[in-house]
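Each of the next two complexes has chain A plus one other chain: chain B in the first, chain C in the second.
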Partner chain A sequence: MSQAETVRRAPRRLWSLGLLRSEIGTTFRRWRTLALLAVLAGVPILVGVAIKIETGSRGPDGGDGGPAFISQVTNNGLFLVFTSLAVTLPFFLPMAIGVIAGDAIAGEANAGTLRYLLVAPAGRARLLFAKYATSMAFCLVGTLVVALSALVTGAALFPLGKVTLLSGTSISFGEGLLRALAIAGVVALSLLGVAALGLFISTLTNSGIAAMATTVGLLITVQILDTIPQLHAIQPYLFSHYWLSFADLLRDPVYWDQLQKNIGLQALYAVVFGSAAWARFTTRDITA
Partner chain B sequence: MPRNEPTEVTEEWDGGRSAKRRKAVRYAVPVAVAGVTAATIGLVPAFAGSGSPDLPKISAQDLIAKIAKSDVQQLSGTVQVTTDLGLPSLPGGMGGAGGFGGGPGGGEHGGSGASASPQSKLTELASGTHTLRVAADGPEKQRVSIVDKTADYTLIHNGKDVWAYDSGSNTAVHNTAREDARHGEHGKHHEGPKDLPNGLQNATPQELAKQALKAAGDTTAVTVGDTAKVAGRDAYQLVIKPKQSGSTVGSIRVAVDAANGVPLKFTLTPKSGGPAAIDVGYTSVDFAKPAANTFSFTPPKGAKVVDGDQQRAKAQREHGNDGKGAKGAMDRKGLKDFGGLNVIGKDWTSIAKIKGAGPGGKDQAAKGQAGKLLDSLGSKVTGSFGSGHLFSTRLVNALITDNGTIYVGAVDKQALLDAANAAK
Partner chain C sequence: MPPPTAADPGRAVPRDADHVIETRGLTKAYRGGQLAVDRLDLAVPRGSVFGFLGPNGSGKTTTIRMLMGLIEPTAGSARVLGRPMPGASRQVLPAVGALIEGPALYGFLSGRDNLRRFDAADPTADPRTRDERVDRALERVGLGAAAGKKARAYSLGMKQRLGLAAALLQPRELLVLDEPTNGLDPQGMREIRTLVRELAADGTTVFLSSHLLDEIEQVCTHAAVMARGRLITQGTVAELSATVLDSGGHGRLAVTTPDPADATRVLKEHGVTDIRVAGDRVTGDLPAPPDGHPAEPADLNAALVRAGVRVRAFGAERASLEDVFVHLTGEGFDVAG
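And now, the complex of A and B:
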């Protein structure tokens, strides 16, 4: 292998990029992907309109019942970004990732196109990496779609202006936007664990539907496990445990503890399941 | 073109042992990563915890003096509060040790705007793990934030203003600190007006250590235990053990910064064993002066602002009691709303006896509401005092007799019954 490797080294970078570009193009041109993004964009609009209608009668008062930050939305449309991310992060976003990542290998196998992909002089590891990079790109795009849609809806329906942080401190709108961008970045990073998990499952089966369903099923299971107090010993290791830590960016001063744990956990999931996917994909028989 | 052929595929068709070995090696990668991580998570805290730094020996008395002498006015840090009192989880206003007579009060807390009141936040601290971020600059400026999942509860004391801000409901409560309270018995270390952020201020290790030391006397054994590392700082550990047999308190450990005498960690272990009932400690601490704007607060645009002074005056008119504080251990448990309180016994085995919970009418109402709850939670006991219900937690036991008298203390059940029999 080492001999082949050295021969291959020169064109590798170019090829990898080309493969990645073609993968991203294929994924984002699919109707399925566009529909997923449309659904993601619809959530903030739905939330925003619902809050707008509700405020007509009497503002949403108790912060206990509704999703996070919802009481702030009527004061500042920017908070719709945070509310929407808090609403979509538990299910909508990871579900969309699960569909994309779960379909990555298994979908190709299902359609009988996997072996043709492998005919291209790119090697399996690189194909796998391109697939994972595509999923990562989708994490970012999905999050940004939610955030942008929320920002536009929030700006259209509610006043903008100084942003009140969780600690009661006010910051300028520009800085608020920066924090919103940082939060979108953190949310996108939070999804890397699911993406790696989905990719691994995708290498296990030849049925795209099975891989997607398993990924989403696992996601729901993990979310349920995370709410059972008796299981608090294992909860810090569930990939969804620190998801809401993005709210810590809105504290003054920022509370980094949980954010670091979240990123570390996502990196761990990415490495473990990414390498598991690699081990599986590079050693298995491709029959379809 | 051999380089176009994925080498893996060709070798796989060769069959043989090398393909199998390659497979095993590759699968070993994720397993190894997971294993190394698990080992790191499992072992590093164990090593960090066992690291007892080498410090010169110190006597218990010197250590207490060191704490008393400690004059650290400026600090900021993160405090982790873990409480495991073994309380049954009660709905709403019934939560916390002081909740048993709190039926009518609970209804009021549920009302609008009260979600920012420090009292209701206090009950939350009575169970589970919470993270607090504290900052202090002298006796006039303190700030405590309770870090919630997607919300913050911030308490800022600056001069004569005390602000409480709850981001969850976007409500700010403003109180004016009274002069007499500010320069009251606790002197310069007192943090805020007595009856408002009480308990929140007590959650700092300093205040808890002081309370523990106050309770020490000939009934208490105070020794110096192993050294420890808390929040990255070398610390001595003061071990306080009650000598009285009736107490439910096993031991109290106070970790004291070896350099400046600031208590960094407070751990209370019940006699029955198990995890600590109360564990309050800094996870990070910095003794530099916090930025001045840390302590400034203006209610944000759109926030609901509640005047706490007015609200309290109204509440006092309605309740007809002035909420005189109970001393010592009771102080911590928020039992101060009761009238007719007296304390039996002393130090560790003191038992609070409360005759009826305030005016007659209110008492009846509370009993009606809570009647069923009493039966389901407490065990029925009888003695020469009559009969009643006994409620036990890991630390505090309470006896409510059928005629409405309540005995509460950090003592075992037998001591409680004895006290009730004797006091009949």
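And now, the complex of A and C:
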């Protein structure tokens, strides 16, 4: 009897990806996301300038403590990439992920937009997937921002050239760049566990701030637990335990053992907390 | 009034393809334990403009959340467009537009980008025609000029309109509007009424919750009244008014005449009670029918004329929906705890 009745539209697989596109676009247009990326870009600049000033006043041989490659930065700007990733991985990067993933569902619930996405209908599992994929995209973008900023700063402040690996052998600058890219990839993968954890916490509450704070709090707690020797029995299961193993990519031959353990652990976290988030979010009452 | 139950065959609503919304014993207890919605049997006919009335906290929004699959009923079942909810959300919801508990927007996005996002969330929406749809919806709610403005800078009424626009992105079979005129200026309210009538004329069923009774009276064909989580009554608006006429007084008679004193005397002789005179207007309660049949107002009119009373206007005042509402839900201002 009506034109309204004649339109029963069917979902299309390809159109379903529209939500993911929209999610990524929305996330990366937020002022907050851009601020986080700006902070991440700023860290390598600070580190580079600090090293430059330090060596300028003390001569080029300094280099006590700090990550293994910090002393190499003055000889080769490419090492600023490795240094910066080592500096940002324990806190800045996972904190940024914690903010993005923690806010993913809780922030929408807080604003009330969640109910409108769900009646659109986004589909709960599909929305959760889009949120997780966007968090993963942020892991990658955040890491690349650090790496690129470090590369540019390193090239501006220090000479570039052949790369001497931790094992003593030398590789060309081109191969060094490739290794830097591989390291950025590994660092991004290292963050997937935090992203899944943050997303799960995000499904538990209607307050974006609470979810972000809880995620970042857990991150700090885990880092502290990882330094207490009495807890060595549980430490291999802490998501941050193998984070700095990315340096093993700077050996010849590469030590794969810890790298593999790291990726395996991140996958475990992604599966466990991803499933928990799914179980929670698909059954939860949305009243906000 | 005893609560209607599914087991009561006299009241049970037939499960009917011509109902776009149909609930059976629908019940929701939030985590506190108290029943927010209690054994609700609702039947919304296809093509109706259905007013959903109730005081604050009576369970209207809770019912709408269950219908939209946002929350799981504690007991009972709900069918929307003939399919069970929340099970069939994916099939049902693309044909349903909803405004639930006020608008919610991304403040950092423009009005247009807000709509693009909600449209992108619908997997049945063709991305190639997205911009057309969004612009049409914006025009329809009168936001064309403000489409590029950040939603954060919108006034309450503009946000409400944008929420409505999101509900109108696609042609819908059912529109669920939870207090759609909240925050709108009189102009905006009129526009919403016009919009609702237009949509209804197109065959869209409109399910509308509101506190504004004259609002509902003006646009709705059907209505249901909730109080404390229970359905008190439902039916056509005319039927509801009649309910009050039967069970409350018997309607009030109103006579406009230049001879109010004579009119009062004649009416009194014919058993009209509670007569009040205000200027040239005489009102009173029709006499209780002695044999169960309602008194015939025409006889009273004839009596007045016979007695030489000049009558300018004569009529029985119909109970307004507000009378119905207050009669059914009680006068008190306090929200039921």
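Convention: the second predicted complex is superposed on the first by the 266 of 288 C-alpha atoms of A that agree within 3 Å, B and C clash if a C-alpha of one lies under 4 Å from a C-alpha of the other, contacts with A are read in each partner's own complex, and residues count from 1 in each chain.
Quick note on the criterion: a residue touches a chain if its C-beta (ideal position, glycine included) is under 8 Å from a C-beta of that chain, and two chains touch if they have at least 3 such contacts.
Small disclaimer: the values here were computed from a predicted structure and weren't measured.
> Of the partners chain B and chain C, which touch A:111 in the superposed model: first, second, both, neither?
second
> With both complexes superposed on chain A, which partner does A:29 reach: first (chain B), second (chain C), both or neither?
second
> Is A:285 contacted by the first partner chain B, the second partner chain C, both or neither?
both
> Using the superposition on chain A described above, determine whether A:18 touches chain B (first), chain C (second), both, or neither.
second
> Does chain B (first) or chain C (second) touch A:161, or do both, or does neither?
It touches chain B, and chain C stays clear.
> Just chain B (first), just chain C (second), both, or neither: which does A:273 touch?
Touch partner of A:273: chain B, not chain C.
> Which one hits more chain A residues, chain B or chain C?
Of the two chains, more chain A residues are contacted by B.
> Considering each complex separately, which residues of chain A are in contact with chain B in the first and with chain C in the second?
1, 4, 7-8, 118-119, 121, 123, 283, 285-286
> Across the complex, what residues on chain A touch chain B?
On the chain A side, the touching residues are 1, 4, 7-8, 61-64, 68-69, 71-72, 74-76, 86, 118-119, 121, 123-124, 161-162, 164-170, 244, 247-248, 251, 255, 257, 268, 271-273, 275-276, 278-280, 282-283, 285-286.
> Within the complex, which stretch of chain B touches chain A?
1-4, 6-9, 11-12, 19, 22-23, 26-27, 29-30, 33-34, 37, 78, 112, 115, 131, 133, 145, 147, 149-152, 154, 156, 163, 165-170, 172, 283, 297-303
> Report the residues of chain A in contact with chain C in the complex, numbered from low to high.
1-5, 7-12, 15-16, 18-19, 21-22, 26, 29-31, 111-113, 115-123, 126-127, 283, 285-287
> Going by the contact rule set out above, which residues of chain C touch chain A in the complex?
Within the complex, chain C contacts chain A at residues 30, 47, 65, 68-72, 89-90, 93-96, 98, 100-109, 116-127, 163, 166, 170-173, 202-204.
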